[in-house]
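Both complexes shown next keep subunit A, but they swap its partner, so subunit B is in the first and subunit C is in the second.
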Partner chain A sequence: MNGLLHKLRPERLRELVLLLLIFVVLLFFSTVIEYYLNARLFNRVSTSVAIMGVLAIGQTLVVLTRNIDLSVGSMVGFTAYFVGQQLSQNNEITPLVAIFMAIGVGALMGGFNGFLVAFCRIPAIIVTLGTMALYRTLLVEYSDAQTVLTVNLPQWLLDLPRFNVLSYERLHLRLMVAGMLVVVILFQLSLRYTSFGRKLYAVGSNPEAARNSGFPNRKIIFTAFVMCGALAGLTGFMYLARFGNITVVAGSGLELKSVAAVVVGGVNIFGGSGSIFGAVLGAVIIDLLENSLIRWLQISEFWRDAMLGILILASVATDSVIMKRFRDYRLKKLAQMNS
Partner chain B sequence: MSILKKLRSWEGFLSLILVSVILVNALNSESFLSIDNQINIFELSIEKIIVALVMVFIILNAEIDLSVASMMGLSACVLGWLVESGTPMILALGLCLIIGALGGAFNGFWITVFKLPSLVVTLAMLIGFRGLARVLVEDRSIRVFPPWFEALGQQPLLGPFPLSMLLFFSLLVLVVIILQYTGLGRYVYFIGINQNVALYSGVNVTKVKMFLFTASGLISALAGIIFAARLGSVRGDMGLSFELDIITMVLLGGVSIFGGSGTIYGVILSIFIVLYLRNGMSLSNITGHVQTGVIGGLLILSVLIPNLQKMIQEFWSRHRRSI
Partner chain C sequence: MLNISKCFDMTQALDGVSLKMYPGEIHALVGENGAGKSTLIKILTGIQQADQGEIRLSGKPVQINNSQEAQAYGIAAIYQEPLLFPDLDVAENIFISHQNQGFFVRWNKIYEEAEKILNDLGVRIDVHNAASGLTIAAQQAVEIAKAISMNVRVLIMDEPTASLSDHEVNQLFRVARQLKQDNVALLFISHRLEEVFEIADRITVLRDGRHISTNALSTVTKDSLVKEMVGREVDQFYATGKTRVVGKRICSVKNLSKESTFSNINFELHEGEILGFAGLVGSRRTDVGLAMFGINPADSGSIELEGKTVKINSPQTAKKLGIVYMTEDRHQLGLAMPMSITSNITLPSLSRYLGKFGIINKEKEDETANEFKNRLQIKTTSLEQEVSTLSGGNQQKVMFSKWLNTQPKIIILDEPTRGIDVGAKAEVHAMIQELAEKGLSIICISSDLPEVLAMSDRILIMREGKQMGIVKSQNATPESVMSLAMGQNKES
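Here is the complex of A and B:
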């Protein structure tokens, strides 16, 4: 065991621990809740993770570069409303156009964040705290306090959340979940193997060194924000498809949940380490816990937020204490082997 | 020359903005400058500006506390919940303040002992404290306070001033004295400029930070109590997203988000600006949502302008050298 441990990359270890944790949670709740492990649980959790997962990917890209995006909730709300309104005014718009519209609007808003952070050198927390309010105001002004209603939306959009790619008895793999999985794999691979992905890690783990090695730090950070915005736009589209009725408060609170997913998933808040896969697992854990705790009769749904806060704190603390020790141990072990 | 130089500083810039905001407001509405309206403006945001005074210390220290608004809500809800379940008022007030101090110390503990970034810790507690407040009150609104408590929150106590404003002004004097004339004030700036140098010079960084975060929790709890007294009832979403206004006031006042620089006088000016702006917008029928958007824009501008100024200066000095 001792000989094998150092061969694991820290991210892999974190992902394994998360998988184990998911297994333990499932095991625990299946003993306290009757008929817990069934197809409905999978269907329900997977659909809500589809939305959180895509958002968490975007947040991961930004956190990897040592920044944070608190405006994602407002971006999701705005794109959901904007696309919803376009679709209800003009039912002819094709699905592909609608999706690209959502991604485009999101990317635009993300670009504004990125411009202020990367080129005007304003800390991300300030920029996104400000744009969180700004984008929400934009939505309120644009909507004129009207609500997007399900009845006005085209039929294909309403069918989308229940459209299955694969079905096995009563287990369904929804199209939205499949879409999320594609995005996850795409980003996981490109972070690992493309130069863009490696640059994100480089900028996050040591900006000074990255600059001295000739990396265009600002461009990289800007791109991360644009992509985060684009993914938030895609999330907005999925949000619209899932909920149908969009009010001016749509998506508020998602920014905290996405940060929670990313941090629980083992992405270092100081930047430079973590994986997409981990962040999605973080989203799965949070959703699974929420779903199960509410069904576990003793706990009221008001505990959800309190629990989320504690979960974030606990995972950041373990990250800084245990994972740091593991990283040091691994480096020492590898150095011994090389010498 | 010296007046010109003063005007070019951030405080001078703020004074110019303040004067123009006052002028526009006074021209728009005759009642703006009346004593009643002035007191009213302050009273409507008294919780925010009280907390802003402590936030100055935290940001000067190169940290941030995002959990203040949630702590406000939590202390108000604890108060309502305790009084509802039959606790004597005085005891409930004391317990609220203790919970505030403990919550702040809890933040400080993770930040100083585990060396976690304050951004993450207080973000987690922003959710956590708010969650606890919701657990206590759920989605009800509690209205159980004795008449003397509500009167204290709503009626003038001394001349035209209610108790909350007297508290604010005495706190303001205390903050000015601590920041300008005591060792603690110097330490706060010192740690903000360079924490490691401060540590190696023998400053007890842990103690200072613990003190500041505990004070932040305590004052936020106090602000929550004042809020509860002013409204006469408590709800789970009290003070939601007040942190935006509070942080904007401090940063607009010229306190650097990287710590170590900024003055309390700038913050006082920016408090006036934010309050008058909101009041002016209300007087011209601009909705709360748009006001929040304007404050958000102001927050970005308050960091953008000094940054642009620096970038232009750098550009010119490089340009001159190349000639």
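Here is the complex of A and C:
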């Protein structure tokens, strides 16, 4: 029992609860919707999670440092448009170059956010609220209100969303999903096992102590924003591949969804704790619910928007009511064992 | 007649503790950390509720469900760190909780009354000043004034002196005695037994949530109290500094100054030496420490390390040069509370644990953490636990481990025993002595005068940013150090 209490850190418990919740959601909808559990559901949800998941990873990095990035939606939109535009004009660009182009553009925009937050000491919520509008306007200006059209895009890009790594009957593991999984594992491991990860948590949980330990706090926060931007860029590329037609409103609303995924996934909005895995599970829940509610005809589609809000509130509420109790109980028990 | 008695059973925190307080009496409450003092206060002030037992006020049982109700009964508390509204002025802070008398705020009356209360207390504070600019002592005075304005009958003082200098403590005690004359029942909680003996009429000892004894001051001695608090004999309160042989000079500081903070600090530090920094609050001792660690670098003057002049303008540089600073504020500045013990210990020296691709070598990390756990006897069931699960003394040991692991030449300790209990204090003292014997140079900033005198080889005394002198601790007495710290021509 005590050994279990040791291992069961609050974020682990959170992840277990999320897995359970996913299971419950699946169970519930399979009873109210006919032919709910099928390969198409998996294929569809996994593809949209691929996009949200990558974005949520970036948001997690920033939130861990006690900041927030509200400009991710605009960054996704801009990179999607920018890369789409380049590919339309020049179909010879290779996939790798296109991906790096997206990551680079995103990193640049993230770097601008990071510079303002870390070095000019402007609160992240203000900076990214500003750049959210700024990057969106940049997109409108740059695009001249034109739309990237599927017909102009190279064939490989259009085939990408349906390219499978593995298939079992009609169950497909899309390349994009596999790509997301690689990114998830990469970041989950590096947060846990590298000095960069350790520093990120340290800066988030006690910035003063981190500074006294000789950490370059500003550089760490800056890096978090650059990475968030880069991941938003990658998301932009995936978004382009999935939807093809990119308008000036592409990606708007994703900032809210990414913050929701992070919060639902148990990352502390005040920094310092949480995991990548949790945030991705948060993204899974959100996309799963969204996809399921569309097919549940009893629910008006206006209520679907409310779902996101309810989910955020519910998870924060459980966090402050149930999780807090658990945390206190656990700390008390462990403190008793120590004394 | 005021009579509070409580018997309740809160699993481990408090177990059937009874306490009687009388008006016009100062009742001291002592006990090690975790003895249940804080829980008791929380129950009295309505922050927590007792599971069993009752509180009687003037013989009548009362139910205190929240702090407003406590205030209404005339029960107030002041704490080590006062909780004022920094942007409001003194008078507004004093009258914050009864501005609902009428729709309009009668400002003139508020300022008048605030001034009157403070005058009666013999405290000179401008009631128009913002609370954020006040010293901690002045903030406490404001808290007391606030309590008086609400017709306080029971005033709880929870470690009020922990961040005060001796002079300010005297001032606080004067106020306390004044309240005693006004028939307020005072509950005084302190880790410093000297103070308890100075001010208390009766003393209650708690241990492990149990009531051990309540005695009149005249019937107890320091030794008997300490014995009751720790439940074992403590031969010596302070490990007396053995005459150590100090080595060669390692560091010399010349004319170190920082604009409007401190000026012309000069001292030398030798291998294996403990140099105490004594002074009252506001003497800027901590600022000298912060300057040497590069957090707030000095403007002028030089620091020479092993014969070479060095420029320290960031903690990174200081760390590289082998100078580290252990903060007095574990929670805010020292430890990353939600992170594990191990990761806290290796935090400043993380680069030593990196393998390929910046991946942390967990085994090596665990090895180090284990080593320190054994060496400093950190009491924990697992090193993977969050630091927040540890007691104050053990957290202090984690801080020691963290900085010792950087293999420093000079360690600056800022109030190393602040807020930890008697047993842990003795352990920390022994540890510091041992480190010095191994050749580490130590600067020990402490407001605890007996501690500085017993620990140090020499003592540097500061007053308001100026160096008043350096004395050998063999030749020093508490009086001689204090008179320097207060400036000779001022009386205490």
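Miscellaneous remarks
FYI, the second predicted complex is superposed on the first by the 332 of 339 C-alpha atoms of A that agree within 3 Å, B and C clash if a C-alpha of one lies under 4 Å from a C-alpha of the other, contacts with A are read in each partner's own complex, and residues count from 1 in each chain.
Just so it is clear, contacts are C-beta pairs under 8 Å (C-beta built on N, C-alpha and C of every residue); 3 or more make two chains touch, one makes a residue touch a chain.
All values derive from a computational prediction rather than experimental measurement.
Contact with subunit B, but none with subunit C, is seen for A:R121 once the two complexes are overlaid on the shared chain.
When the two complexes are overlaid on their common chain A, residue A:M238 makes contact with neither subunit B nor subunit C.
By the touch criterion stated above, A:S320 is placed in contact with subunit B alone, subunit C being left untouched.
Touch criterion met: A:A209 reaches subunit C, while subunit B stays clear of it. Between subunit B and subunit C, the partner in contact with more residues of subunit A is B. Judged by the touch definition given at the top, the superposed model places A:Y201 against subunit C, while subunit B stays out of reach. Contacts of A:L134 after superposition on the shared chain: subunit B is touched, whereas subunit C is not.
Touch criterion not met for A:A261: it reaches neither subunit B nor subunit C.
Contact with neither subunit B nor subunit C is seen for A:V49 once the two complexes are overlaid on the shared chain. The touching residues of subunit B, counted against subunit A in their complex, run 64, 110, 114-117, 119-121, 123-132, 134-135, 138, 236, 241, 244, 247, 251, 257-258, 287, 289-290, 292-297, 299-300, 303-304, 307-308, 311. The touching residues of subunit A, when paired with subunit B in their complex, are 68, 116, 120-123, 125-127, 129-134, 136-138, 140-141, 248, 256, 259-260, 263, 269-270, 300, 302-310, 312-313, 316-317, 320-321.
On the side of subunit C, the complex with subunit A involves touching residues 12, 34, 293, 295, 314-316, 319, 325, 327, 332-339, 343, 347-348, 350-351, 353-354, 357-360, 362, 379-382, 384-386, 388-391, 394, 402. Taken together, the subunit A residues at the contact with subunit C in this complex read 2, 6, 193-196, 198-199, 201-202, 205-206, 208-216, 272-273, 331, 334-339.
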